[in-house]
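Written below as structure tokens is the structure these notes are about.
As written, the chains take the letters A, B, C, D and E, and residue 1 is the first residue of each chain.
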Amino acid sequence: MSAAAPATAGPPPTGSGHPLLSLSGISKSFGAVQALTDIDLQVDAGEVVALVGDNGAGKSTLVKVLAGVHQPSSGTFLFDGKPVHLADPSAAIDLGIATVFQDLALCENLSVVDNLFLGRELSPFALDETTMEVRSWELLRQLSAKIPTVRIPIASLSGGQRQTVAIARSLLGDPRIIMLDEPTAALGVAQTAEVLSMIRRVSERGLGVVVISHNMEDVRKVADRVVVLRLGRNNGVFDARTVTTARLVGAITGAEDDQ
Amino acid sequence: MSAAAPATAGPPPTGSGHPLLSLSGISKSFGAVQALTDIDLQVDAGEVVALVGDNGAGKSTLVKVLAGVHQPSSGTFLFDGKPVHLADPSAAIDLGIATVFQDLALCENLSVVDNLFLGRELSPFALDETTMEVRSWELLRQLSAKIPTVRIPIASLSGGQRQTVAIARSLLGDPRIIMLDEPTAALGVAQTAEVLSMIRRVSERGLGVVVISHNMEDVRKVADRVVVLRLGRNNGVFDARTVTTARLVGAITGAEDDQ
Amino acid sequence: SPEGSSSGGASGPAGSTVAFLMPDTGSTRYELHDRPGFESKLKELCPDCKPLYNNADSSVDKQQQQFNSAIAQGAKVIVLDPVDSAAAVSLVNSAQSQGVKVIAYDRPIPDAKVDFYVSFDNEGIGKAIGDSLVKKVKEGSVPSGGGLLLVNGSPTDAAAGLIKKGVHEAVDSSGVSVLAEYDTIDWKPENAQKWVAGQISRFGADKIAGVVAANDGTGGGTIAAFKSAGGSVPPVSGNDATVAGLQLIIAGDQYNTISKPSEIVGGAAAQAAVDLLSGKAPETTGDVFGSPTKLFTPTLVTQDNLKSEIVDKGITPASELCTSEYAAACAKLSIQ
Amino acid sequence: MSTNTALDRTDERLSDSSGARGVVSSSLRNIRDGDLGFLPVVIGLVIIAVIFQILNPVFLSSVNLVNLTLDSAAVGVIALGIVFVLLVGEIDLSVGSVSGFSAAITAVLFVRHGLNLGLAVLVACLVACAIGLLYGVLLTKFGMPSFVASLSGLLAFLGLQLAILGDQGSINLPFDSALVQFAQLAFLPAPVSYALGAVFAAGFLLARLGVRRRRTRANLSAPPLGVVVGGAVLLLIALEFVFWYLNRARGVGWMLVFFLILVLVANYAITRTKWGRSLLAVGGNREAARRSGINVSFIYWSAFVLTALLASVGGLLSAGRLASANLSSGTGDVNLNAIAAAVIGGTSLFGGRGSAFSALLGTLVISAIANGLTLLNLESSYRFVITGVVLAVAVGIDSLARRSRASHGRA
Amino acid sequence: MSTNTALDRTDERLSDSSGARGVVSSSLRNIRDGDLGFLPVVIGLVIIAVIFQILNPVFLSSVNLVNLTLDSAAVGVIALGIVFVLLVGEIDLSVGSVSGFSAAITAVLFVRHGLNLGLAVLVACLVACAIGLLYGVLLTKFGMPSFVASLSGLLAFLGLQLAILGDQGSINLPFDSALVQFAQLAFLPAPVSYALGAVFAAGFLLARLGVRRRRTRANLSAPPLGVVVGGAVLLLIALEFVFWYLNRARGVGWMLVFFLILVLVANYAITRTKWGRSLLAVGGNREAARRSGINVSFIYWSAFVLTALLASVGGLLSAGRLASANLSSGTGDVNLNAIAAAVIGGTSLFGGRGSAFSALLGTLVISAIANGLTLLNLESSYRFVITGVVLAVAVGIDSLARRSRASHGRA
């Protein structure tokens, strides 16, 4: 059933070659639904891995497993070559895994600044609001966000504004790997371009990047390798520079299977 | 400051020519933020109008005004040529305005079937669950949704699955105008194609369609007219068949202004 | 089956179950005095009788549950201190229809014909503390425009209503005017304190010649209100002879209280229960509401007779009263 | 069953096979994942029963269980009412006052003013509905949180209760009046009770068979015939056993039957009508419900009105059982017990999740603890402590089960 | 101020101009939109004051207001504690029991066992902390809803309170003990009170000036100097006036000052520390907070512990004021009043929204009603009714204001 065979040897890693994160045999079920079955994934430092797949293929579930949100039913998880167990998201954050979730996971009742610095506020006993606000403006400008004021609750932002805030969050701190789950879905043209170039910039700084997208153009523009999931299983790994959109779509929809 | 002047005369309406909905001078402010200023918009029967603009340009706010969610601070609203006041969303629904909101507005605690038929359940005093379930499967298949079971709460669906549910909702009932706020943002390749063709199909049946998207390709593929908003104001109306992506992007980002 | 058999009557007391159902925990006497008095007397009179105890925490519904449960456990006699006298009628009827005898305790059940009624006289208590306080107040001089405050018991408690009635009987005819009165919600001392503090602002401490408080708790709250207003404390009444109340009397802050050594009433209830079980008519002091009744007269306690009524009669030992803080005052009253 | 895959069983990620095997395997998985529905509360009840039975063998006697069922009915009806406001994510702190106020109104009209009992009850119920409507309107038109509105109501209606009862403070209801007879003495004749058990079970069977037939016809998965029939037979046996056991003493009280029927009706309204669906939607996401065209105000009003109405009915049952309406009717822990019963039974305080059966089960837990304690000779202090601890243990089991469900990713 | 546009004022959709004009125009818009912060509650208070003053002119007398301030302190401290659990979206129904239990522990250790008062208080506070921790652990480790856990606690600790008070039921605290002196008789000497007012105002001014300086330096918009200084001067005048007025009678109680300082500290902790931000985050969206790396369990624990601790402190103040610990300490309406105070002041029952000042304002509303009623000769029944109605009216004003805000699209 799997079309992965011809591709699994895969293209040579394009990053520094040093594997940052590697998963094997990860499975996860929710009640009657088997969301992930036997997933393998490797991300090298300096490499941009695109994770693609149809709706419900299990991409977000995989990202959540990597972010410590869900604990897998089985499988092994190596970080920097060492096996780790992520009991909760803070464990992942401590390892340097920063995540932009598809549902954004922002606190609607808090302001933009509050959300950006949530969990890593400056000067915990006498919050340095001024510096945090200045930093926020810088970050948001950098991503071309059009947010009128950073002192309003997230609840009153537009969809794209929220998404920009979530992306900006992941750039704070000093992550070693950034995972972005459909980061540009709600973004405007200019903002999307900024995020794609941001992805390239951080990977050049040696960070690993995992990006999920349904836009094959964007994927091929920004990724080094493309990992395809289908119905919760691996369905091929491709070199982003050489693969065609048609080939990717085939692997995603399973059209290949029928050939 | 406005680049709209050369375009306002605009292309001839491409639909049946019979104006379904027409707004003029709509403004809306939230506290210190002026989200919409003096907006004009017209949608004809059988016409697909694309609403584009940068993040925070006011597209969703405009849709919410049309859906009765927000009441505008000023402006007039004609439906079928008659002035109407939408005190709440049910007024809009009664007029035949169906809306897919950007935040989807689904009840996470209810199942897929429950959400699809919310507010228009079959046989109110002895719910016809069987027929509703069958209808749900049909609708979802039609949109190529990959949802394992329709009896789980929305909370456990993936982002794209939820979006498909929200879109399917809008097709139930018998709307005269459908508004879709970034309907394909979270959809896979196949699902996006289904939704775009669905849009063409319903407009051919004489419905008016308003669609918001950041994807200029999709916009040009599906729309008759493109209305651009910028910072809460009209910034041009274009004929989708003739306008270039570059021209649109210019109107969206305001690059034109600087020329 | 153990259940359902209810042949009632004079089969002799041995092995019988007797229930003792008290109304609330707001006042301490029931568990501290009434219950021990009842149980020890019962043990003495009928060693293999089985006492059941329950307290309804001021809830009529809970009392009904406890009453039914006592019958389910085969009680032959139920001693009932009703949370609500009217509501108890139905309990009495259902018990008697099943051959179970009911002794009304502490508070009467006017609308039912109970098998026996034993109590201190609550209305009498109200009258006693009222009379005594009025007398004390008249000994001093009532300022013009001045008068008494009445701090009654809980508005939802029938016994409080009886006490209130007695207090009014004493006060209304006394010639000392009543400035204001208040029903203390839940008998809570804090509520009494707040209300009295309000009256002090309203009338001025010097216009308040005395306060008739319906029990020691509300009396204590009253005294705290005067103390924290910084002025002196006028005569304040009480009821129940709690240790805290007696101590305030010793210290001179409270004027009177009522000693109702409830062990005695509890014992009398046990005696009556055993008599009923053996088919004898219990000894009475008369009839109240058509039922044979035994009423005990409570004793009014002030500084003058505290030693003789409380300490010497062994109701509360001096050691409990004369803790370090009250030692000096005790000595003055020659209580050791 | 048709041999081609059912419409809702085509996704290859679904691990359930259909038929009896599927039922077993999915039940096993549910146990593993902690998705046990009401089972944990029931286990909590069993533990309570075992503890009290050990401490005093009267606990499980027929006589005592008859008492327990009658004790449960009045507070159960009030708790059932609470379920409705909780479902929409609101609260009514005044159910106790409303129940007492209703009892007072009925007693005053019926006993003091000689009004016909039915009319007196009707007036009390109408007043209660008006109170519910008031809270609803205060919420939807003035935006006043129901916590505060009903707290004000708690005080105001307690005051009115005291005021209309007046000096006497309590009014006896005649023993031969229908209300008292119903609440105190009306038991089903034994044969009628067995027939009723059979009717319940048959109704259950027919409903399930109907669903099965419709689903099979529509090519949807459906429970195997054996499972449906087996379930109905089990229900029949359980009901007949309970009724037989109660019939060994005074029997099955009409009040119990009345409560059970109310629960069934409420369950139907919540799960099988558009209105019930709207309740859950408003409680789950008020804004989404509004955008679906639901008349959100009406839903709030109806929930508040039902809650107040059931509080009133509960108050009347309670007064009937006591044959008296008095100052303390509905005071004390009535409010908290009713809310706690619904919550213990699994209805969420935050709206959108709950069931009519939660009122039944939660009330049984609370009444069983209270009843069990009446069988022990305890000082009040220990009674309080034990009530608290037993409650925590009983609910703890349920919580643990839910927690395991959460950790298995179920909502 | 720099002439180039401030960093946060560049968006052309923002209608505020900077400087004093901006302050005025934004205030006007806020009034129109109903975004009035605490103003509506304050207006509610003013209305209560006017009504009671008309009914009895003693209400606003210095003597009575001193009482009112002292009455408020104990329940205010408990309400302040409630704010913490409400912020994380949980509840503690047992604050009354915990307050009574703490009073009992202190009284027994201090009076009966002759322990040093400070030690006795410490023990009571530690026990309270343990109780809070227990609820926290039951929630985070067992998933037991705090409603049920604290309901169990309400009963269990009431039982323990009865048990340890034991045979006497009520223990007098010596009038000359520090606790009673503090709660009943400790007033600030007038000059000290004026100095304290000045210190409060100066502290406010310095803090605001500091913010202003830092923001201006960073090229962020900042309130004009005149507005900052003007605000501080107004605060100074208000405080000194209140203190002067209270000084006409017994004066400014230490208990009041203690409560005010607790409110300020709590406000600082909630608004200006990482921990406070985490409270709001957990209450707003628990899962988002968890994904931000916040130690959610710790946040819950700390909230429950603080609530219980403040309940304990409130109980001690209350016992000190009464000079006695007794069976009914902390029973009755203490729980509901404390929760209601926080809610009336604007803290949400659903988490993520609220303020330390809500405890202050809500407590004033409740205490003012209770106090006003003590000045009227009323039957109990009318007392209840009037309390309910006045409460509804006072809160109604706030609700209407919020509603208008919502209809203007503010969250």
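One rule holds in what follows: contacts are C-beta pairs under 8 Å (C-beta built on N, C-alpha and C of every residue); 3 or more make two chains touch, one makes a residue touch a chain.
Nothing here was measured: the structure is a model prediction, and the numbers come from that model.
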Could you tell me which chains are in contact with chain C and with chain E alike?
D
Chain pair with the greatest number of C-beta contact pairs:
D-E
If chain centres are mean C-alpha positions, then the most distant from chain D is chain A
Starting from the Cα centroid of chain E, hunt down the chain whose centroid lies farthest away.
B
Just how far, in Å, is the C-alpha centre of chain B from the one of chain A?
28
So, in whole Å, the Cα centroid of chain A is separated from that of chain C by 73
The distance between the C-alpha centres of chain B and chain D, rounded to whole Å, is 43
Per-residue multi-chain contacts in chain D, two or more chains
13-14, 162, 379-380, 383, 409-410
Can you list the chain B residues in contact with two or more other chains?
30-33, 146-149, 156, 231
Residues of chain C that touch at least two other chains are 25, 155
The answer for chain E against chain A in the complex is residues 7-8, 11, 13-14, 211, 214-215, 217-220, 272-275, 277-278, 280-281, 283-285, 287-295, 352-353, 409-411
Which of the residues in chain E come into contact with chain C in the complex?
56, 58, 61, 63-64, 67, 70-71, 111-112, 114, 162, 167-172, 174-175, 183-185, 250, 318, 321-324, 326-329, 331-333, 370-371, 374-375, 377, 380-381
Quick check: in the complex, which residue numbers of chain B touch chain A?
30-33, 53-57, 59-61, 102-103, 145-149, 152, 156-161, 164, 182, 185-192, 214-216, 231, 249, 252-253
Where on chain D is chain E touching in the complex?
93, 138, 142-145, 147-149, 151-163, 336, 339-340, 343-344, 349-350, 379-389, 391-392, 395-396, 399-400, 402-403, 406
Residues of chain A that touch chain E when the two form their complex:
67, 69, 88-90, 93-94, 99, 101, 105-110, 114, 118-121, 124-127, 129-131, 133-134, 137, 146-151, 153, 155-156
